[in-house]
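Chain nomenclature is as follows: A, B, C, D, E and F, assigned in order of appearance, with residue numbering initiated at 1 for each chain independently.
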Amino acid sequence: MPVITLDIGITSLEKKAALVKELTAKASEITQIPEDKFVVLINELERDNIGIGGKLLSEIMK
Amino acid sequence: MPVITLDIGITSLEKKAALVKELTAKASEITQIPEDKFVVLINELERDNIGIGGKLLSEIMK
Amino acid sequence: MPVITLDIGITSLEKKAALVKELTAKASEITQIPEDKFVVLINELERDNIGIGGKLLSEIMK
Amino acid sequence: MPVITLDIGITSLEKKAALVKELTAKASEITQIPEDKFVVLINELERDNIGIGGKLLSEIMK
Amino acid sequence: MPVITLDIGITSLEKKAALVKELTAKASEITQIPEDKFVVLINELERDNIGIGGKLLSEIMK
Amino acid sequence: MPVITLDIGITSLEKKAALVKELTAKASEITQIPEDKFVVLINELERDNIGIGGKLLSEIMK
């Protein structure tokens, strides 16, 4: 029962559905673990909650 | 200072209080680590943010 | 498909089996989600990898 | 590419910016890994979603 | 800087390299975030540290 | 009870002690939460278990 966790910025429903579908398919193909064993958790984070190189993403994207 | 993290769908306040109380009690009893050392983090996720077997939970529950 | 993650010190096989069994049972009872939907991940950490109040657990336990 | 994840109560923008800046600087100084390799993820949790010693933080802070 | 975390059983080097390559490529394609922004963390767990439906994976696989 | 989790490559005991001490001190100073409420979890990962830009860190560092 592998768990794939995605920490990512705010993402559209279409992209979330595609991520769940495609990452599960790829990971199942590579590991030979059946797709129905995979759990995907999508943790959407605001740009004020992601830091890169010591700066908030919201500052970087300004 | 063990940390118990719950990734779970949206959950009522009553159930969250019960989860924190009961999981801490059980884990403390089994590990013999005092209850007051336990931290519980409840990560509530929308059904659009949980994938099972390559499908969003929001599609599965339709 | 809720996921319970335990970050904890090194733990015996017996205690890990009991934690998985009992935490799943309690969480299932409270949330009314069937037991077979629960995944538990046990992340065992050495005392040199846990810090409390600014000190490593290995220093505190000396 | 170290990842620093903070699970913390609701926090002001100023404090989040300071946390990202200062934790990255300190961690880079200690590990000698350049600052721009660090990712910080801030997971803000409501007091109803944090448990300490078997009680919700929202009950403790009442 | 999205972070993909995989909690999975013990996995060969070849499969880990393939997972990192393919999951990054797919996630980049879907989100339009450049591949070099992605971090993948692979958390390998022994079968004694994974529980499904209240049982350790090591018991289930016996 | 904030939790700081570090996902990082293999790190010496001295550096881990310094990380726990300094990150706790900084985070406490910024958030005004007492140091003794902080838990730090250090998740050391082999270079075969970290991916950046679709490549394992072990390949990048060759």
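In the analysis below, a residue touches a chain if its C-beta (ideal position, glycine included) is under 8 Å from a C-beta of that chain, and two chains touch if they have at least 3 such contacts.
Note that the structure is predicted; figures quoted are calculated from it, not measured.
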| item | value |
| --- | --- |
| Chains contacting each of chain A and chain E, listed by label | C, D |
| Equivalent interface to A-D, taken from B-D, B-F or A-E so that over half of the residue contact pairs match | B-D |
| Selected pair, greater C-beta contact count between B-C and D-E | B-C |
| Residue-number overlap at the chain D/chain F interface, same or different (half cut) | same |
| Chain centre separation (chain E, chain F; CA means) in Å | 20 |
| Contacts with 2+ other chains: residues of chain C | 1, 3-5, 7, 19, 39, 41, 43, 50, 52 |
| Interchain contacts (touch definition) - all pairs | A-B, A-C, A-D, A-E, B-C, B-D, B-F, C-E, C-F, D-E, D-F, E-F |
| Contact footprint of chain D on chain F as seen in their complex | 1-9, 11, 15, 18-19, 22-23, 26-27, 30-31, 50, 52, 57 |
| Touching residues (chain side chain F, partner chain E) in the complex | 7, 43, 45, 48-56, 59 |
| Touch list for chain F against partner chain B, complex | 1, 3, 39, 41 |
| Residues of chain A defined as touching chain B within the complex | 4-5, 13, 16-17, 19-21, 24-25, 28, 35-44 |
